[in-house]
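Paired with subunit B in one complex and with subunit C in the other, subunit A is shared by the two complexes that follow.
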Partner chain A sequence: MVPVLLDLITTAAILYIVSSGLLLVFGVMKLINFAHGGLMTLGGYAAVMATAMGLSPWIGIPLAAIFGGIVGLSMERVVVRSLYNRPLDAILATWGLSIIIGQIITLVFDRGVHFAEPPIRGVISILGEPYSTYRLILIAFALLLGVGLTLALRGTSLGLSTRAVIMNEDLARGLGINSGLVRSVTFTLGSGLAAVAGALITPLSSVDPNMGIAWLISAFMLVLVSGSSLYSLAVASIVLGGAQVVVSNYFGSVLGGMTIAALAAVILRIRPQGFSYE
Partner chain B sequence: MKMSMQKISVLLAVTALWAGSAVAEDKPIVLGFPLGLSGANSITAPAVVQAMELAVSEINDAGGVLSRKLVIELADSASSAAGAQKAYDSLVYQKEVDAIISSEPSAARNAGLPIITRGKIPYIYTSFYEGRSCNKYQHIDGWVPQQVVSLMVDYFMKDQGAKTFFLVGNDYAFGRGLLGDTNKYVTEKGGTILGEEYNPIDASDWTAIVSKIRQANPDVIITSTAAGAPNVTFTKQLRAAGLTAKYGSYALDEGTAKTLGPDAEGIYLGGSYYTSINSEKNAGFLKALNDKFGTETKTPNELSVPQYDAIHLYALAAAKAGTTDTDAVVKALSEVTFDGPRGLVQMSKQRHAPLTMYLAQVNAQGDTTIIKSHPNVDPGEQCPNL
Partner chain C sequence: MSEANVKEVASTSLPRPHFGPLTRMVIVASIVLIGVGVAPLFMDAYSVNVLVRSMIYATIALTVDILWGYLGVLTFGQSAFFAAGAYATALVFTYGGFSAEYAFAALLIGIAVAVALAGLVAFLAFWHGASALYASVITLVLPIIVTQLLFSGGTYTGSSSGLTGFETIPLSSEAWFWAVGVWLVLLTAAAWMYTRSDAGRLLIAIRENEQRCKYLGLNTSNIKAAIFLICAAIGAIAGWMYANYTMVVAPEIAGFTFGTELLIWVALGGRGTLFGPVIGTIIIDYASAQLQGDFPFVWKLVIGIVFVSVIVALPRGILPLVSNAADWFRDRIGIAQPQQHSQLQLRQASRSGRNIIGVESRGPALVVSGVEKRFGSLEVLSGIDFEATYGEIVSLVGPNGAGKTTLMTCIADGSKRSGGTISIGGHDIAHRTPEECVRLGVGRKFQMANVFDSLTVGECLQIARARLDPLSKWQKSGVCSLPPSAMRVVRATGLHSDLNLPAQVLSHGKKQALELAMVLALEPKVILLDEPTAGLTKAERTLIGTILTELAKTEQLCILLVEHDLEFVREISSRVIVLHQGRIVLNGSVDEVVNSELVKSVYAGSGH
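Let's look at the complex of A and B:
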């Protein structure tokens, strides 16, 4: 029972880490950033570069944040900004940008799998059950991320402006809030978080030009059922991630693989606002 | 500058010869290569491309086939059935290739075969696969389960005294076929299968399966995961969970093993080609590859070397048949023998090839050491009706 419970919590943590950047962008901009997968891949390669340069694997994480932030900011400035009133085109454009990121990575690093040193190896004993230390650390990361983002949204003036834009952008702009700046900052932050997630999953994932794509679908489903709230995302990660672990355990991984998508569809059918409480 | 009469006459003679040969030389033989340049196989594709470029340039440098040059016509089959249909269609009907040689997932091959049948052209499939694919125009020079399962299982049971096994694969024809055969063989030999689990081919999360392995606590884990990413994600997640059971893989290649770093140490591999094969032909092949591609050289592997062999086999078959005519070449393909990096290869057993099979282990440096070799392992009954 203990291992299944730990699997459940760590899976939820991983899903939360992978989805939070996407949710942030969706919450503020009402835009699904399909470059999220490409940005995750970029983060994975930041970890590869840290390893190649002989740096501590932990350095890969801030390095990923910087890469993701810079690429995200440029994408927002050059492409996404002009598509704010055309959300469908924005999906297409970000998907295209994701392909471009993947191809540039392929040009620089080739198509093959690359090696990134994991920050930590081995297992520790939890209630007599040996369990992967790194997966447990990811729980701490997820909590840190949730608390950090909540504090930033609640405790800073930019956070206040961001919440205002999330609630009613026209009204916020009428009150003199620079919604363009809020969008810019949010997209940059969301992109940075995507890249950080990419770096964080390298010890569990293959680092290749397609690594982010597999995660994008789950993240997308989670965001759809969570709306724009970080709390709902946490609940959704636990419920859907948990369901995936339970189904995989008792009915096989082939069914487990489709649990998140199937359950998300059912939830949205019954309750269109998903886990969001507004 | 003064040029002697003699020099001028030599020059004239050379020019005449060159012009003459240019006229006499027939149009080139076009070989079509549908290859997974994108999708799952894209990770191993660069090594395959290098191996075929080497084979083609070797043959052309030696004067070509039937005094015609070989030309490469590459098409991306996207490692999928849908991609393969497009690729085969364009190679057969637009490019009008003389033969198709391909290293692909089984789904892509199965999608391509009806097009081969309609186009009536010689076809060589060069990937290891689950066995029993039969087509009038098809030859296969990769290994089938009969050639690798006993090698791997016997080693664990007889040499290592293992009794319990856990089988892990991706949910597709190759994964299920190979592990099904392994399950049968282990049970026949008195071993116990503690679990047989499959993950979708595009899945990156192995959490539940790793948990089940931990609970079952087997002596040996044998995997038949898809080449590239699934091998890597499974191995990383298994090692992160601290599981230390012996680990044998049918599908991990040397190059990917290197990128796994310390996580790959100790993994047993079964197949027909490893760079550490100690033979003159293999040394020559590795040197030629290195001379041609220098620092860009990709580690040759279980997919790239059979592709190299197949191109040479085609050249020998066309030469033997004296034509590129389909029926004559297909007949000759069963008869010719090529002595390549893997040893002697002849696709003489119901369109399949008896091969020297190797059991190898990844060491701490990420290199592969050969532990055992079985020469001339028969592919068994594959296509009795052809």
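Let's look at the complex of A and C:
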């Protein structure tokens, strides 16, 4: 029972880490960044590079943030900016960007599977059951991320501008808020978070040019049921991630793999606003 | 108003349908068929092999184009239907062995499974109130679930390596080339005829403005579902061909990646052009096969870059670019063809009587009692009680935020009010959807002119009549029958000479008139007009006023009008209802209201 419970919590934490960047972009820009998966892959390879260069595995995380941020910023400037009024086209264009990222990675590295050195190995004993230390650290990381993002949104003036853009972009622009800047910063931050998430999950999954795709769908479904609230995302991660762990445990991982997508589709059919309370 | 160029014919003599473009299409199709016939004789075996697969893919790309390019449903899930057809075939042949009967049975099973899946998707994705994004999400979930199901089949479905080594229809590559080629040409021709027909225009109308379609009494959810099911069946047929031809199936064909690859081909070829996606798919898939060996990753990278560029810079794809260049070239060398405008003709509709209530019904046309509307704790309307009879023009006035438009919405959509009852011609609207309210005899004109911008004026009117006069599914009928009231508006405002113009080029006033004509084409008994004169010139306003007064009298229409222009209200209303802060504060004759101190104080803003 204890391992299942711990799996449930750590899975929720991982899903939260993976989805928060996508949620930020969706909340502010009202568009779905389908390059999120590609950016995660990029972050994964940042961790691989850190290992290859013999650096501390922890360095892989800021390295991923820098890669993701730079790529995200240029994508926003060159492509995404012209698609603000075409949300469905933005999904396709960012998917295309994801293909481009994947192919460049394939050209630089190769098609094969790579491994990154995990920052921490080993297990610690929780109530007499050994459990992966790294997974437990991810819980702390998810909490830190949630608190950090919330504080950034509440405590900084750019955060205030961002919240204004989320609520009513036209009004915000009318009040002199530079919504273009808010969008740029948000997309860059969202992309950076995607890459960090990619680096963080490398100890749990192999690194290959398609590693981000499976995560993209889960993150996408979680964001849809959460609207634009970080709080709803936490609830959604726990409920849907929990369901995934339970289904995987009792009905096999294959059915577990479709739990989030299927459940989210049903939830949205019954309650279009999902877990957000507005 | 020149009556000279009104083309009106007696209802009995149908004008001849236009066969010009149809003949051309038959000629083009025949040439392509001959090409398909001789092509394998001049190609190496490898190219023939690859092109069979490319053409199979092109048939699914065609369905993606119809769904996305025409109907506006961005679908990631056509791969799942393809896989249903392919796996049904592979499973039947693997476990039953090959026979002609089994091949036929496999086709039927594949189609049945695909249609069942599509039915489930349609049930989830197309319902009153579902957003376009939600529909796309459901089509995205489908391939994921189907892939997982194929994995969970274990050795039965071959899990991740799929099924292979089954015996299939014994045909040579050339024979497959001919079979698939003919199927592709026929399918494309059929799709071309359908999308050009009157019913095909309806798909574009739904893409452009689904809400307006619903308020024209069209059940858009059912139409979308029907098209989706047909496209699923075509996808299953493609899967059946694929399994028979390649003799191997793997879970990748069901996946989201293949689903998006189809979108890429369609986007590059040119969404909403049919030929673009077909040609695009064949070229890209063929080129991929040729180049993949030498430059596998670079080729995919190039496709990715071109795809992103096309989405950003050429949303309509590459084919329109080519055809524009061809037009330009024809212009230059001076063989420009005169634009063939299919002339649409108007004719008088005989009263169809398909609305639930009849003209002879007595009693009030509209009864609103105790209607309330709340948004959370905010009360927008409360205790609204009034009646209106046939032949009456009732104006709803009141300051901004008084709840006028909300009241209109509650009458036209049974699901909107929070309490109370509304009946139209003695029928309770209960929780009827807008399209069902139209059947009861409600017609609604929106505040902002709400027409189909990329359709012509004539097509807009035909769509408005679609509920009463079923649209032709294979040709442009060239006629639109309108009831006298709509005809009166069309003629009086000069729209009859604009029938072949796209609605988006109309002036604001004419757009308003067009929408009014579209609403009247529904043969409603109660019409709801939200600021029909907003933004009109004085002359246009007077004209609309005159027409409305006439219609109320001659057609015995009950007209409910939201208006800010008190002058206009005074001229045409038979009664005025004053709304203030969600309540009726006065319900009386024009004189009573105009002279009321209460109304003056409401408008002056001093409250009750």
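What we mean here is this: the second predicted complex is superposed on the first by the 278 of 278 C-alpha atoms of A that agree within 3 Å, B and C clash if a C-alpha of one lies under 4 Å from a C-alpha of the other, contacts with A are read in each partner's own complex, and residues count from 1 in each chain.
The definition used in the following text is that a residue touches a chain if its C-beta (ideal position, glycine included) is under 8 Å from a C-beta of that chain, and two chains touch if they have at least 3 such contacts.
The structure displayed is predicted, hence computed values, not measured ones.
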On subunit A, do subunit B and subunit C fit together or clash when superposed?
-> clash
Can A:L83 be said to touch subunit B (first), subunit C (second), both, or neither?
-> second
Thinking of the overlay built on chain A, is A:R269 touched by subunit B (first), by subunit C (second), by both, or by neither?
-> second
In the superposed arrangement, does A:G257 touch subunit B (first), subunit C (second), both or neither?
-> both
Touched partner set for A:G180, first subunit B, second subunit C, both or neither = neither
Figure out whether A:P3 sits in contact with subunit B (first) or subunit C (second), or with both, or with neither.
-> first
State whether A:A93 touches subunit B only (first), subunit C only (second), both chains, or neither.
-> second
Could you say whether A:V245 touches subunit B, subunit C, both of them, or neither, answering first, second, both or neither?
-> first
May I ask you to decide whether A:I104 touches subunit B, subunit C, both, or neither, giving the answer as first, second, both or neither?
-> second
After superposing on chain A, check 37-45, 109-117 or 325-333 and name the one in subunit B that bumps into subunit C.
-> 109-117
Taking the two structures together, which residues of subunit A meet both subunit B and subunit C?
-> 252, 254, 257-258
Under the touch definition given earlier, write down the residues of subunit A that touch subunit B in their complex.
-> 3-4, 7, 10-11, 110-115, 117-118, 121-123, 130-132, 134-135, 203-211, 214-215, 244-245, 248-249, 252-254, 256-258
Write out the stretch or stretches of subunit C touching subunit A in their complex.
-> 74, 124, 129-134, 136-138, 140-141, 144-145, 148-149, 151-152, 256-257, 260, 263-264, 267, 297-298, 300-301, 303-305, 307-308, 311-312, 315
Partner subunit A, residues of subunit B touching it in the complex = 42-43, 45-46, 171, 197-200, 202-209, 211-212, 214-215, 228-233, 236-237, 239-242, 255-256, 258-262, 298
Give every residue of subunit A touching subunit C within the complex, in rising order.
-> 32, 79, 82-83, 86-89, 91-93, 95-97, 99-100, 103-104, 106-107, 213, 217, 220-221, 224, 252, 254-255, 257-258, 261-262, 264-265, 268-269, 272
